[in-house]
Amino acid sequence: MEKPRLAVFKFASCDGCQLSLLDAEDQLLSVADALEIVYFPEATSRMEAGPYDIALIEGSISTPHDAARIQQVRRDSRFLMTIGACATSGGIQALRNGADSAEFMRAVYASPGYIEVLDQSTPIADHVTVDFELRGCPINQYQLIEVIQSLLAGRTPRTPGHSVCLDCKRRGTVCITVAQGIACLGPVTQSGCNALCPSYNRGCYGCFGPASQSNLVSLTSQMEQDGASKQEISNSLQNFNNNAPAFREESRRLLDRNGEPY
Amino acid sequence: MEIQQLQEIMQQLRFTSDLSAGEQQQLAAISRFEDFSRNETVFTEGTEHPNLYIILSGRVEICMTIPARGCLPVLTLEEGDLLGWSSLLKQGEMTATVVAVEQTRVIAIDAAALAQVCEQDHDIGYQIMRRMSLALSQRLVASRLQVLDMYAVSDEAHTLKQGGTHE
Amino acid sequence: MNDSVQSVDPETCFLTLDEFARLFEVLISRGYEVIGPTIDQEAIVYGQLSSIDDLPRGWTDQQEPGKYRLVRRDDNALFGYVVGPSSWKKQLFPPVSTLARADRTEEGWQFQEAKEETPRYAFLGVRACELAAMKIQDRVFTGGPYVDSIYEQRRSQALVIAVNCTQAASTCFCTSMETGPRCKAGFDLALTELPDGFLVEVATAAGAEILSDLQTMKVSPEQDTQANAARQQAVDQIERRFDTTDIKDLLMSNLEHPRWDDVAERCLSCTNCTMVCPTCFCSSVEEVSDLTGDHVERQRQWDSCFNLDFSYMNGGLVRNSIRNRYRQWLTHKLATWIDQFGTSGCVGCGRCITWCPVGIDLTQEVNAIRESES
Amino acid sequence: MGDRKIKVETLTRVEGEGGLFIRMSGDTIEEVRLEIYEPPRLFEALLRGRPLEDTPDITARICGICPVAYQMSSVHALEAALEVTVSPEIRRLRRLLYCGEWIESHGLHMHLLHAPDFLGFESGLEMAKQFPEEVNRGLRLKKHGNQLVDLLGGRAIHPVNVCVGGFYRIPNRNEFQKLIPDFEWGLNAAMETTRWVAGFDFPEMESDCEFISLSHPDEYPMNDGVMKSSLGDVIEVDQYEAEFEERQVPHSTALQAFRKSTGRPYLLGPLSRINLNRQQLFPQARKLADEIGWEPVCRNPHKAIIARGLEIVHAYEEALSILRDQHPAGKPRESYSPQAGIGKSATEAPRGTLYHRYEIDDQGKIIEACIVPPTSQNQAQIEVDLKHLVTESAGQEDAELGRKCENLVRAYDPCISCSTHFLKVTIDRH
Amino acid sequence: MNSTVGKQAEKSDSIWVAKTAVIHEIAAEVSGVATYQLSLRDAAAAQSYRFEPGQFNMLYIPGAGESAISMSGDPADCGTLAHTIRLAGNVTRSIAALKVGDTLGLRGPFGTSWPREDCRGKNVILVAGGIGLPPLRPFIYQLLAQRDEYGSLHLLYGARTPEMRVYTREYDRWRAEGLEIRETVDRSSPGWRGNVGVVPQLLERLTGFDPAETILLICGPDLMMRFTARAALQRGMTSEQIWVSTERNMQCAVGLCGHCQLGPEFICKDGPVFRYDQISPYLKVEGL
C-alpha cells in the first residue's frame, strides 16, 4: 500500500505548531515511516508538488498572496487540517482586525508602503473548506499524533471538547478561582493543554479557544462582580483566539455595548 | 339491494362502523360500489372529481408529479382508508393522482350529495367531519414522520472541527 | 471496611496527641498508605501523609458559594476545617485508570485485564457526609449485578478513620440530607478532636487492631462532655436548610420548569460541581495506543454529564443545551438516583456550591422550583 | 556572459519562509538578497495599550522555536522599567530555562536541519535511515531541552510559567531531581554529538565579519551582560539603539542592521558567543573546544554547527549544576507596583542577541515596544557572506551555486519567523 | 419482568475485558449494512455463552473503541453470534474494514430481553423500523420455533426505501412458518409495488386481532416507536402491552459510566427493552 503523502504549509504564524511535530521526538521517526513527508520546508528539502493526502496548515491568512495560495493548497489536498490558533481563529495577529491597520503598520515600519497586507487576519476556514481543526496556541503534540494516527487508521480523530476545568480536576489541581480568587478562563475554554496554567498557579488564558456552548456572559459577569473592569475582562479574551467568534463577541459586548446583551 | 349490502359493509368499516343505523343508511343511499382494475387511474391530479372513496379491498397509491421524475408514489392506501377528501371539501382540483396498484374495490360516495347531507343535517355532518378529521390527522402525522426521514443514516460525522459543530 | 462486622455499640477510648502522632508510623508499618488532609495549592486537600506534621495544623477553611479561603485558626487544631475540594472518590475511583489491554498477535487480538496493584489506603479524617458518600458509591459500583473490581478492591482494603466535624461551613447541609455531622457508621475508627487528644470510637476489629499498637486511655466524663460539646458546635453552626420532602416527584414533575432556563443563564457547564461531588461517578473510556496501533489500553477517566459530547448518540447530541445538562445533573442527583440506588445522590457536603465558579447553589435552585409550586 | 539570475524559491530547513535571490551581470554580482515571505504580524503595534503582564505571553508568539528568549528579554526589560531586581534563585532558574531552549533549538538545528547538508540528505528524517544512532541521539538531546522547558515553563512551546518578577510557580526539588539522570546521559551524548559534527567536511571560508554578543565576567552570556565586539570594544545594552541602526540598502527591500561606528554589518549567534566568551564556558565544554581544536577565533560560518554543539555541552553542564543544587525556598516572584518608565534588555537567544525596549505608563500599560530579533540583524552579514561565496564560486552551475548558497544560509540558523515583524518585506514572490 | 442473563460466565473475569471473537462470515445486507457471524475463540467461553433476544454485545476494535450491537441471530444457536451492523461511526467503520478470519473483541451479552413469557398465548405484533429489525430477529426465530404457543404473529416493517429492507431473503420462510409480514417504505423507488407510508399506518390498518389479547414489540428510532405506540393506544391497547427497545450512548454496558441514562434508567443495564409505561414519560421530554 502506498503511504499517504503529507504536506505542511505555513501562513502567518510563529512556526510553533509545526514544530510540535518535530517535537514529538519519540514518535517522529515512526510518523516519518508511516507517511511520505513530501512537503515540509522547515524539516526537509524535499519539495514535491501536490496532490497531497494530508495537508497540515499553520497560520492565518493576512496577505493577498496567502489568500490565493491557500486556494491552491486546498485544490491539492485531500484532507486539509488546520493546526493552531492562527489557522483556526486568526491568531494573535487578528487583534489588528478591529483596529486601524494602516496605523498599525506605521507603528512598526518606517515606510509601510512596501508591505502588502490585508486588513484582516482570518482563519483558514474563512477561505476554504477545512476538514479538521486542531486548536491551541500551540497545538498539543499528543493531539496531533492522535489525529495523524486516526487518519492512518481511517478513523475520525478524537479530540475532547470539554472545558479546562474537567482536566484540572482529573489532574488534581485545586480551582484557583475559588481558592485564590485568580481570574481564569478555564470554564469557557476548550481543553487540550491538560489544564496547564492552573497547575502553574495562574489563570487559563484561553490558548485553545472557546469551548462549545461556552457561557461567557455568566463568567464575565462573575469576573466583574469579583472586581475586574470590563476593559480588563475584554483584554483577557483578546489573546491568541481573539477572533474566535465567542471570544470576539463577548469582548465586543463588554466594550462596545457596555455589557448590554446583543 | 346494493344499498343494503353497502349498509352492511358500513357496519364493518372503521370509518363508518359507529355511525347510527340511520346515518349509515343515509350514507349508503348516496354511495355505490366501484371497482378499479390494476393500474387503473382513480382520479388525476389537477382535475375535478365527484367522489369520495372508502377502500374495501385492494390497494391504491397516491402519486404526485415532479417534472423529469414522473409521478412518484407518496402513500399507499388499503382496506378501510379514506380517499379523495378534496372532492368533499370542495377544494377544487384533486391534489394528487391515484392509481390502483391491484384490483381494488371501493365504496364511492357522491361528494356533492354527501356535502348536501352534511349541510342539511349537521348532526350527521358533525359525525362525518369528525371522522374525516381523524383520518386526516393521522395522515398528517404520517406525512410529518415521512418528512423527518426517521431512518436516515445519521452519520457519525463527529465534531470534525474541535468544538465547531456544536455551536 | 465492612458494615457487617461493625459492632452496634462502639467502644470509646482516648488517645493523647503524642499517641495520635504515633498512629502514622503504626499505619505505615502495617503497610497502609495514609491519605488525609494536608495543605496544597492554597487549600486543604487529601494527599499522602507521612506524619502528623503533614496535617493542616491551625488552619481552617472559610466557604461560601463560589469561594474558598484558607484561614489561620487561633488554636492548633489538626482537623479544624470542614471539607475541601478533594474527596476520597479520588482514591477509590481514580480519575484515570486502565481497565484492559489489547495486543495484536499473529493469532489476532489478545485481551487482558490491566492488573494494577491495589494500594492499601488508610483514610484519615473522613467526615460523616463523606462516609455517606462512600456508602452511596458502594451501591453504585458494587451493589448492582455488575461490580467494578477496581473500586471494590480499593474499597475493601481501605481502613477508614473518620473524624467528627466540630464546625460547619456556610455551604454545609448534611443535617438536611441526614448524613451528618456525626459519624455513625461506615468507619473503622471515629475520632473527635479535643485540645489535648482524641476521643476514639472503635467500630471494627480492624480498627481495634490498629489501636492495639497505641496506648489508649479511658475516657473521662469531662472529655466526654467536651467531645459532645465540640460535636454539638458543628450541628449548631449548620445554617443551611434544604427541604427534601417529595423531592423526586417535585423535580420529575417539573422537567419543563422555567427555572431550568434561569439557571442555564448562570451555569458555565464547566463540570466543576460533578468533579468535586463525592458521589458523581460518570466516566468515559479512551483508547490509548502506540503509533502502530498494536498495543492498546482502555483508559477510564472521570467524565461529566455537563460535557457536550457526553450524550452523543447517532450523530447528534441528546442534551444539547446547558439547560438540559444542568437539569440532568440535578434531577439525577436528587431524584432519579433514588429510583436507581434507593438513596439520594446528595450528601449535603456543599462542595458543588463552594466550587462552582459562579456560586450556583443547588438548594436554591430546588427551592425556587418548590416555591413556584406552592 | 550575460545577465544571470539564480533564485531559490523556498529556503528549506530554516524557520519561517523565505527565499534567496542572486542577480549577476557577467562576473559582477549585482544583488544577493534573502527574501522574506513571512507576512508581518505587527507585534509592537498590538502590544500598545496592553497590561505589561501580557508581554511575555504575547512576545513568545513571535517565534515558536525560541519563545523563551522572547520571554526572557521582555521580562528583563520590563523589570528594568519597573526597577525590580529578582532574587538569585529566580535568576538561576531563568538560566536553567534558557539552557533548555538552547539544547532544544541547537539540537533541532544541528540534527534535523543542518547536518543533512554535510552528509548529503534532504532531511534529518532521511538521514536517520543511514545514521540512526546519531539522529536518535539528537532527538533525545532535543527532547531533554523540551523536558526542561516543559518542567520550568509548563510546556515546550510558548511556556506559561514566566512572568515579570519571576515565575508563577517554582517546581519542587523532586521534579528537578527527576531530570538529572537524563541530563547526565545527555551531557556525554552532547559531547559525542559535538565530536561527530566537528569531523564533518567543512567548506573553506573566511568571513571577516565583526562578532558581537553579550558578555559577562562570570558566566557564559545568556540573560545578562554588556555587548562585546570582536573589534575589542564594549557597548552597554542601554546604548543598543544608539550603536546599532537599521538602514535601507540599495540592493534590498529589507532594512538591514549596521553598526554606526563602523558602518558595517555584524554577526550575532553561537559563533560570536564562543569566539568572544570561550573562557566562560563550563569546564567540559571548554575542554572539548580544546580537544577538537577550536581556533581562537573561528571565522568559518559553516562551523557554527560545532559552536552549537559546544553550547549544548555547556548548557547541559550548567543545567546539571543548577538542577543538582536546586532547593526551591524563596517566593516564586518579586512583587512590584506599576510605575512609568522605559526599560531595555538584551538576552542571548539561540540565534543571537535579542533586544527589547518598552515604555510603560504609570498604570502598567505598554506605551511603546521595540523588538530587535537576532536574525534581522544578521541578515546584512549573511548577504555579505553570500556575496563572497558567489564571487568565489561564480563559475559553477546555477543549481550548484544555489545549493551552496542555501547551505550557507542554513549555517546561520536564520529564524525568518522572528525577523519578519522587524524587516521590511516584499510579498511578491516572482 | 424480562430477564437479565448478562452476568459474566466466570466470576473471576473482569467486566471490562473483552473476549476474542473470530469473524466466520460477512454477508452484505443492504447498502452500508452487513451481518457478521462471529464465534468466541475460547472454546469454554463459546460453550457457555447464552443470550436472550433483545440483548446486545459490545464489539470492540482496539484503538477505535466499542460499540453496542444487538444480537441478531438465532438464540438456539449460540455457537455463532450474528450481528447486523450499520456503518455509522469509527467502530463500525473499523469493523467494516475487517475480513473473514480477523478478530475483534466482544463483551456481553448485556441488557434486558423481549418479554417472551408475556407473549405466551397472546397475539404478538412486532414492529420494526429500519435497522430496528435485527434486534427483533432472534425473537422471531424464538416465536416461530414454538409457533403453537402464540396467537397471531405479525411483523410490521418500515424502511426508508425498498432497498434498505434487511433480511428479505428470509421473509418467505417466516411467512411459511406462520408470521404475517406487512411492509412499508417511506420513499418509494421504481419497481416497488408495496406500501408507501410510515409504520404506524400499518398498525392503524391492521385488522383481525384482539387488541386486548396482544403484545406489541417495537424497535426503531425513538420517534417511530412513540408514534407506533400512539397508534396502538388509539387501537385500544394499553402501555403495559407495549414493549420498546431504546437506544442511547451505551459505553460501559453495565450501568457504571452514566452515558446512557434516560430518566431513572440506564439503558444498557435496565434496558434496552422496556415496557412502554416504564420509559414513555422520559422518551417524550426533549433533551432528557
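Letters A, B, C, D and E mark the chains in the order given here, with residues in each chain numbered from 1 onward.
The definition used in the following text is that a residue touches a chain if its C-beta (ideal position, glycine included) is under 8 Å from a C-beta of that chain, and two chains touch if they have at least 3 such contacts.
In this text the structure is predicted, and so the values were computed from the model without any measurement.
Trainee: Treat touching chains as neighbours: how many steps, at the fewest, connect chain D to chain E?
Mentor: When the steps are counted carefully, the minimum from chain D to chain E is 2.
Trainee: Give the label of the chain whose average Cα location is farthest from that of chain A.
Mentor: B
Trainee: Using CA atoms only, can you tell me which chain is the most central one in this structure?
Mentor: Checking distances from each chain centre to the full centroid gives A.
Trainee: So which one's got more C-beta contacts, A-E or A-D?
Mentor: If we tally the C-beta pairs in contact for A-E and A-D, the bigger total goes to A-D.
Trainee: Determine, using the mean of C-alpha atoms as each chain's centre, which chain is farthest from chain C.
Mentor: Farthest chain from chain C, going by C-alpha centroids: B.
Trainee: I'd like the Å distance between the centres of chain A and chain D, where a centre is the mean of that chain's Cα atoms.
Mentor: Centre separation, chain A to chain D: 25 Å.
Trainee: Could you grab the centroid distance between chain A and chain B? Build each centroid from C-alpha atoms only and quote it in angstrom.
Mentor: Distance between chain centres, rounded to whole Å: 58 Å.
Trainee: Using Cα averages as centroids, what's the distance between chain C and chain E in whole Å?
Mentor: One centre to the other, that is 39 Å.
Trainee: What is the distance in Å between the mean C-alpha positions of chain B and chain D?
Mentor: Taking the average C-alpha coordinate of chain B and of chain D, the gap between them is 82 Å.
Trainee: I need the residues of chain E touching at least two other chains; which ones are they?
Mentor: 63-64, 88-90 - these are the residues of chain E that touch more than one other chain.
Trainee: Where in chain A do residues touch at least two different other chains?
Mentor: Where chain A meets two or more other chains at a single residue, that happens at 153, 156, 158, 161, 201, 212-213.
Trainee: Where on chain A is chain C touching in the complex?
Mentor: By the definition above, chain A touches chain C via 27, 30-31, 34, 145, 149, 153, 158, 160-163, 165-166, 169-181, 184, 186-188, 201, 212-215, 217-219, 221-222.
Trainee: Could you pull out which chain E residues touch chain B in their complex?
Mentor: Contact set of chain E toward chain B: 32, 86-90, 129-131, 158-160, 164, 184, 186-188, 192-198, 200-201, 204-205, 207, 220-221, 223-224, 227, 231.
Trainee: Under the definition above, what is the set of chain E residues touching chain A in their complex?
Mentor: 63-64, 89-90, 93-94, 97
Trainee: Looking at the complex, which residues from chain B come into contact with chain E?
Mentor: Interface residues on chain B, with respect to chain E: 59, 61, 72-76, 78-81, 101, 138, 141-142, 145-146, 148-156, 158.
Trainee: List the residues on chain A that touch chain D in their complex, please.
Mentor: 10-20, 22-23, 25-26, 28-29, 32, 37, 40-47, 62-66, 91-93, 95-96, 99, 103-105, 107-111, 114-117, 121, 137-138, 193, 196-197, 199-202, 205, 207, 232, 235, 239-240
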